[in-house]
Amino acid sequence: MKEKKENNKAMQNTSGSCQNGNCSCGDGYQQTLNKKSDRRGMLKKLTMGLLTGAGMVNSACSITASDEDKEKSQLDWESFFQGNYQLMTEDEKKKTVERLERSYELNHGRHPDISAKGPEKDVLYGYAFNISKCRGYMDCVNACVQENNQDRDTQMQYIRIHEHKNGQINFELAEDNYFHEVPAEGHFYMGTQCFHCENPPCVKVCPVEATWKEKDGIVVVDYDWCIGCRYCMAACPYDGRRFNWQTPEVPEEEVNLNQHYLGNRLRKKGVMEKCTFCIQRSREGKNPACVEACPTGARIFGNLLDPNSEIRWVLANKKVFRLKEDLGTEPKFWYFMD
Amino acid sequence: MKNCYTNFLSAICLFIVPLMLFEACSGSHEEGAGHESLLETIKRKEKDSIENDVNLHELMRDVKKVLAEVPESERQFYVLERKSELKSFPCTNCHNVPLSSLQSDFAKQQKKKAHWEIELVHANKDIMDCNTCHDQNDLNSLVLLNGKKVDFDQSFKQCAQCHSTQYNDWLGGAHGKRVLGWADPKVIYNCVNCHVPHEPALPTRWPARLNTAKLKERQSDEN
Amino acid sequence: MKQLKIFISLVKDGVSAATIGNRTYHIWMAVLTFFMLLGAYCFNIQLDEGLSATGMNDRVSWGLYISNFTFLVGVAAAAVMLVLPTYVLKDVDFSKAVLIGEGLAVSALIMCLAFVTVDLGGPARAWHLIPGIGRFNWPDSMLAWDVIVLNGYLFINLTIPLYILMSKYQGKIPNKNIYLPGVMLSVFWAVGIHMVTAFLYAGLPARPFWNSSLLGPRFLASAFAAGPALIILALQVINKYSSYDIKDTTLRKISLVVTVAAQINLIMLASELFKELYAPTHHSISAMYLFFGLEGKNALVPWIYSSIAMNVVATVILTMHTLRKNMKWLNVACVLLFLAIWIEKGMGLIIPGFIPGPWGAIVEYAPTWVEIGVTVGVWAMGFFIFTILVKSAIPIETGRLKYQRG
């Protein structure tokens, strides 16, 4: 059934506006090649032919497809040739985001608000975690899942809360999936997530530059550019990355429509995703959902370049440490105690 | 002839190996940053006056807040307003007669029993009682140990009397948290927004969720 | 234009040569086709469901595919063991094996690329890797390096034999000045592909099990044992079923290569074992899991011990002259060595690198049937390509098949 649908899509593409050459697809080509449109069209058709295979045979069916279906497949088609977000001009970003919004609207009937807001001047985000305060409630985990539209089916979570026995910080002996009244006697709690390293090994290894560090220090993924090789996952020493092993599922009524291109917009199967310090929130001046949800004040977020910020106060006045500092990754995520 | 090839090959090696080494060293460092540590980077880039448009003024408009009375702090900030959150404030709505007469009214079943659920679990009974914080003569305000009155909105002052460490952390930002976000204006939660003053310790409870998928993933391997 | 015509004719003749054969040959090809179709079916399931159809998960995020990829890069690199003496040292004994070796390299490389492709979450977006239209994180990403060196090596190993075959097809003697530089380049390139593949893993401080400077050399040693071992076996099959006559001396020489490589590989294995087990640190925990199991989870333990046992037995057989010179024993050793190194690269290297996870979670990995089906399919494709290459190259190489004008 699914296959048929895909075939249909492919056929419509052939008969759709792409064939007569005046389609607006493919900012990827425009940016990287600056090829003439006829040549682009040819390349496109060639790739398309390879991709669609048997689907092309019964292309006659497309006549019966509705205009909406045609638009849908046209949008899918354009998204396939979408370029790397880093290379897009502001205008291209806007168009891409509009297309994504329209595509979601066509498929789900609701209009998401996808932002493409860039990094602000004089901002470098940092995070501190108070291990004396955390009580293991996991409200942050819930808030994160809801805010970031993570797959409910596989229960994907960016945050892990590790329950350590007093007297040792040994993650191998800690439990990150406890279920009993917390805080448990003689235990303390430590949260991990993406640490947004200043020297991120995951970014270095990506073969296609689908992941990078933004100017404000947030390590992001272009979900449309990621090829799903999972090299970054192997390279991350902090277990900060998650992979969509299957098509992520979020009940429509639970979808957070306030989205960012590099943040919580809906993902597809076979791509990487990760904590973005809730980029859709933090770039608006708000705190990430985990900070907002924490009932103990164990999570502190702010601008490292502002000497008056809370995060800087913690760095200056508390005894802080980071995990696996010997690896030279320079996480922007510190731990401290009262 | 043979020499020619060896030269050719060594040339290739000489070219490729340094390139890789160069790459390994230069890696992902930024413009001439060398081996600058993160803290050094932060110091180098920090700004006394931040120039950007991120702020929370619009969102904060609907948040009930009052300017915190902290003369020792260089920077002005707000705390969440408290009085409108209190159900029967001002207290003088009821407490307009002496306490003894209210109690006798209660005995005569004329008035509803009030504050009966309050159990003071805050320090030792010998050290603290209701009068430690509530002004017996003016129940609409709180009172400090030195007898000075304190507004309900500025109740952090009262906590600061004993909990000076926490108070300093709170002022700095290591205790408590900001309302809404990190950008200006700075509004922070008052002590009583998180801690019930009569029973300030946070409760134990069950975690918000259990990841059953993770559980399964780990168990399935034991078979 | 003329060259093109000759090339087309060569392909035509090659294809017709590849389609002619006895019953055993046809059964062999039919079986391979069946497995290829099976693999395609499984891959279709995987495309539809996503990689959740495999046994991989967030903890063990690379599995059977990448294991096989790593192993096959070694096999491809090993072709160089035959190229070097033939062209450079003018050792005639090897010349007949060279074409087979390069055929093996080509098929192994195609399998490598296939394994990487099936491992991708979005194979349709693989075009992002094409320099020019895509965006290539070169020289930062070792995977980008790998894509370049693998495709480069494929190109070299396709063009050199093609040039030689084209010449022989026309009854000319191939011009050394043309192909020798290419050959020399491929020699270094072969070392390069395996080193780069080793660096792919060794460059990850996040995985201490891989983050070892011995990984590259060990990759080479094991590759130069497993690759030629496979060639020894393949040459005997070719010898038996075709007119291509390969002398025992050739096999003996190759077996010497295998022996030395296997010995070096064992020394390196011992050195790694010593380092991990004599004074185990926090970083030895993956090795602990591999050899002893952790928290009652020990799926890899039987694999690694059988691998080591096979490795040792094979090396002992090869080291003893009398046994190595006996064809039967040599074959036993080659089969053992091939299997041992295949296990060593997958169950002994890739998978334990992920266990335990960065925060100590131990999740074991077992491939699903879909994954095994795809793997078998890719292997069948490799053998299929190898058979066709050899079958069409032999008549040209031996001069039975020549270009007919007109």
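The letters A, B and C name the chains in turn, as written, and every chain counts its residues from 1.
Definition applied: a residue touches a chain if its C-beta (ideal position, glycine included) is under 8 Å from a C-beta of that chain, and two chains touch if they have at least 3 such contacts.
All of these numbers come straight from a predicted model, not from anything done at the bench.
Chains that touch both chain A and chain C are the following: B. Each of B-C and A-B has its own count of C-beta contacts, and the greater count is at A-B. Centrality by Cα centroid goes to chain A.
With centres taken as mean Cα positions, chain C sits 36 Å from chain A. Here the CA centre of chain B is 57 Å from the CA centre of chain C. Taking each chain's centre as the average of its CA atoms, chain A and chain B sit 27 Å apart.
Among the residues of chain C, those in touch with two or more other chains are 57, 140, 361. Contact of a single residue of chain A with at least two other chains is seen at positions 154, 176, 204.
Of all residues in chain B, those that touch two or more other chains are 27-28, 218. Remark: chain A residues 2-3, 28-29, 32-33, 43, 47, 51, 80, 84, 86-87, 154, 160, 162, 170-174, 176, 192, 201, 204-210, 225-231, 233-239, 242-247, 268-272, 327-328 touch chain C in the complex. By the touch rule above, chain B contacts chain A in their complex via residues 27-29, 37-39, 41-42, 45-48, 50-56, 59, 75, 165, 169, 172-178, 180-184, 189, 194, 202, 204-215, 218. For chain C in complex with chain B, the touching residues are 57, 59, 139-140, 180-181, 184-185, 188, 192, 296-297, 299, 361-364.
Interface residues of chain A facing chain B in the complex, by the touch rule stated above, are 120-124, 128, 130, 133, 135-139, 141-142, 154-155, 157, 161, 176-183, 198-200, 203-204, 281-287, 291-292, 294-297, 299-311, 313-315, 317-318, 330, 332, 336, 338. Listed in rising order, the residues of chain C touching chain A in the complex are 48-52, 56-58, 61-62, 116, 119-129, 132-137, 140-144, 147, 200, 203-207, 285, 353-354, 356-361.
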